[in-house]
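Here come two complexes built around subunit A, the first alongside subunit B, the second alongside subunit C.
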Partner chain A sequence: MFRRRPEPGAATVAVVVEGRDVRVPDGASAAAAVLLAGLAAIRDTPVGGAPRAPYCLMGVCFDCLAEIDGIPNRQSCMVTVAPGMRIARQRGRRAVDAE
Partner chain B sequence: MKLFDAIVVGGGLVGAAIGYGLGRAGMQTALVDEGDIAFRASRGNFGLVWVQSKGLGAPHYQRWTRRSADEWPLLAAELFDRTGVAVGHERPGGLHLCLGEAEFAERSARMERMRVESGNFGFKYRMLGHDEVAAMLPGIGPAVTGASFTPYDGHANSLALLHALHRGFVAGGGSYLPNRRVTDAAAATGNFRIGAGGEAIAAPVVVLAAGLGNAELAPVFGLSAPVVPQRGQILVTERAARVMAMPTTTVRQTLEGGIMIGDSQEDVGFDTGQRPDVMAAMARRAVLSFSWLAELQVVRAWAALRVMPPDGVPIYDQSERFPGAFTANCHSGVTLAGAHANVFAAMVAAGALDPMMAPFSARRFDVPAAA
Partner chain C sequence: MTFDLAIVGAGPAGMAAATLAAEFGLDVIVIDEQDAPGGQIYRAVERVAPGSLFGASYLAGQSLASAFRASGARYRPRSTVWHIDPGGAVSFLADGRSETVEARRILLATGALERPVPIPGWTMPGVMTAGAAQILLKTADLLPVGRAVLAGQGPLLYLVAAQLCRAGAPPAAILETAPPANYRAAARQLGAAWAGRDAVAKGLGWLRELRRAGVPIRRGVRSLRAVGRERVEGVAWEGGELAADLLLLHDGVIPNTQITRALGLAHDWHAAQCCWRPSVDQWGNTTLATVAVAGDGGGIAGAEAAVLSGRLAALTAATMRGKIDAAERDRCAAPLHAALAHERAGRPFLDALCRPAPEMLAPPDAVTVCRCEEVTAGAVRRAARLGAQGPNQAKAFTRCGMGPCQGRLCGPLVASLIAEVHGVPVSDIEPYRPRAPYKPITLGALAGFAPHPDPLPAGGEREEPARSVGG
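The block that comes next holds the complex of A and B.
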């Protein structure tokens, strides 16, 4: 159930957060990349439109939702970075292609 | 001992709706609520205000559920005026999707029988083919052969409803008594005593709306409420842009955007556990119904226990031995909230159930078997 966090190493993994190039340590979460990028928010809530940023960092609060590599509404704190990952702001509800 | 005009036992949707209605009728009412150790069916609801499948073989139930759906817009508007809580009620009509020809044929027969049983009261429905359904609900899967439609159906936010009823009850002068499991009860005509949470209260009127707890409480008051648990599981997806224009029996989109999937009826006793095989079967059928659902992530899931009478039809009763004691038992606390707040409560306030409620009595289970 418990897993040791990786020792923080050098920031070697290059990802893109809202168009900004960010380097983060191997094994870090996409939410960590959002925080390192210094963004004030990574999503807008679907009902009230309020801005939100990563908060609980353990998969509970859903405030770190982001569009990651084109997939909307991902909990960025639960996603490990990969080279070239693109993390974008989640604006309200995701789209659905019902056709 | 504190005295009230009426005591309602049970702070779920049924008890809160009746308590709200009694308070509005001018009765000083106590609402006795067990607490979070209770099974709390009202916090596990799917949120349909549903008419089309209710009351096959029981036309009085068909009329009652429709009456409640008709009362719903009035109740929702009144609750908003009195509490500021929007319960998100919509009534666009509803669909029951059929997968395969056999389901479509069975549904057609059921709906026609409902219409015949409705008599002069009437029952408007239509059986729709795949293309007609697709025009109403884009993105249905090829496995959908058709659907039944009635204009009576709708849905709401059941948690907001529970919240609004509680706020409205208290705002109307009611006494909400939380964390009080009933530990003793005594019945005498005109003087019902309830001991709960270390204190005793009394009233000349008592309404038992304790869900599954009614089975044990009712006999004390000369009543019978042979309800049993039936488990239902629900899956909820991430929030998505509005894609469903109306609810279906087992899949609906909330106002906030989440898709709810509720499609299980399990006889497993007092067990609120979840089962992966049941969840998988629900998800599979939902994706067969709506292809686009496969893309969405499930973010929450839970199980809850329906309060189920032996024949699935609600039980409403008044005690012959102790006039002033009533029971209300059903698995449709959301759908029937309109009738409970606006119709049933008025009968209790008037001192007796209307004769039209007689078929709902638990005495229907006492018919001796033919020799």
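The block that comes next holds the complex of A and C.
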């Protein structure tokens, strides 16, 4: 769906999107990593189980909710990538963590 | 400590207000969700090299950002305001923890958001906003792969198309949904067009770029829909269709009134821009004595106007703290007011040209209007027929607006649908009354909430160096 513009020497960060290694530009959001990874969807809605992908990229729509580094329901467009970050699909509601 | 001025948002209005207020010796704090100043219009502006594909008016944001960085104003990036007490407490979430700062005055510079473009299929992966594509380009150097179609209307649609051309990824087509009546209405605003001739010239420049790049533009498109099963495969409209791998929608921008509404400020219906805006005077003062508004959050007028209104709000704050007297304030404000009038003079032309098509305000029954709770236009119309007088009642009937976005996207649509059913103007319909938390906050973050922590370590760091994940 998206590709990196060839920018020689641009710094990148290695993250893991749904188990896949992806190099994304430094300073990009986790949602950008999802799109660069070519993921079909980043979440399934809690109501109808419909697949969704990032829509607004500016923190308004909540369609980019993802599990990031083990924390569910994060707005992936509002999280900047960090080396080794693990981004996974948000499936429906987050479970209650009784820990 | 108590700040003289707490500013929410580090876009053009917030940055300009903070810089000037700090110059007058006010203790200022700026709280912003992004990890760098600039807001949406100047996203990642500090990282972009000169001579980039974004053009001079974008790069103008660099001097604003550097002046802001050097101003001495405290700056809290990656921080989401979730509650404001008009008495002066601003609570925000940062790194999974909630904090509160006290301020004598609060300036809301929360900007604009893209108007929803409710067409069949707009919830499918592969459908995004044009603004989203621009943010990906600015922040991550990402370009669409395959056939990207831009659809809708408004300056940003054409700007993004031109930028994609400059980046070597011209869109497959532009489908303009502006009703033909818009062109006739705009032609009656020739005075405004002359006043706004710089913006008009810019727009014509983008159209020339698109023509040179061979991008087909189809006007008067009706009944637009995204086609596909699991993701978008094409786009169709009355009398045509196209294959598409990415559909980028845009139908103009509207003020982000989530916090101004939650605070119960008075709002006016802006008929020409087809949206609500908080009622403000020429200084940005609202109906709450401690709260001001600057920038596009107070009515869409663009980045240059946002800077001017931010500076006016700073003058007011400085006057209230006794840093300057009213005469000095008025002397400083005169050129700002004149420039602001100049910036706004061209708007009636753009507003007439870019009025949303009626079907974009009240879409057909099958279209999902509330993306979070998956409520269709038909369900909202049914609720209205059953007696829901407004969006706040329709919530109880349908759960529309009760998902995580808290009605940010569906608000204007639900109000328009209910107005249509009751046969009244949408300005008669009371919009959603959002409440704190302005953005979802976990119980864990609330549990770790220290009511009055020292907001920053001593020493006046403007930004915390370390970034931690979770909390």
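Just so we're on the same page, the second predicted complex is superposed on the first by the 87 of 99 C-alpha atoms of A that agree within 3 Å, B and C clash if a C-alpha of one lies under 4 Å from a C-alpha of the other, contacts with A are read in each partner's own complex, and residues count from 1 in each chain.
Criterion: a contact is a pair of C-beta atoms (placed from the backbone, for glycine too) under 8 Å apart; a residue touches a chain by one contact, two chains touch by 3 or more.
Because the structure is a prediction, the values reported are computed rather than measured.
**Student:** Looking at the superposed three-chain arrangement on subunit A, would you call subunit B and subunit C a clash or a fit?
**Tutor:** clash
**Student:** Who does A:Val47 touch here: subunit B (first), subunit C (second), both, or neither?
**Tutor:** Both partners, subunit B and subunit C.
**Student:** Check whether A:Ala11 is in contact with subunit B, with subunit C, with both or with neither, and answer first, second, both or neither.
**Tutor:** neither
**Student:** Count the residues of subunit A touched by subunit B and by subunit C, then name the partner with the higher count.
**Tutor:** When the residues of subunit A touched by each partner are counted, C comes out ahead.
**Student:** Looking at A:Ala28 after the superposition, I want to know if it touches subunit B, subunit C, both of them or none. Which is it: first, second, both, neither?
**Tutor:** second
**Student:** May I ask you to decide whether A:Ala88 touches subunit B, subunit C, both, or neither, giving the answer as first, second, both or neither?
**Tutor:** neither
**Student:** Quick one: classify A:Phe62 as touching subunit B (first), subunit C (second), both or neither.
**Tutor:** A:Phe62 sits against subunit B and subunit C alike.
**Student:** Per the definitions at the top, what is the overlap between the subunit A residues touching subunit B and those touching subunit C?
**Tutor:** 47, 62, 73
**Student:** For subunit A, which residues are in contact with subunit C within the complex?
**Tutor:** Where subunit A meets subunit C, its residues are 1-5, 7, 10, 24-25, 27-29, 32, 35-36, 40-41, 45, 47-48, 50-63, 65, 68-71, 73, 77-78, 80, 82, 85.
**Student:** What does subunit B use to touch subunit A in their complex?
**Tutor:** 138-139, 238-241, 243, 256-257, 290, 292, 295-297, 299
**Student:** In the complex, go through subunit A and note every residue touching subunit B.
**Tutor:** 46-47, 62, 72-73, 93-99
**Student:** Which of the residues in subunit C end up touching subunit A in this complex?
**Tutor:** Where subunit C meets subunit A, its residues are 33-35, 40, 44, 47, 78, 80, 113-114, 123-129, 131-132, 135-137, 139-146, 167-168, 230-231, 245-246, 256, 371-374, 403-405, 408-409, 439-440, 467, 469-470.
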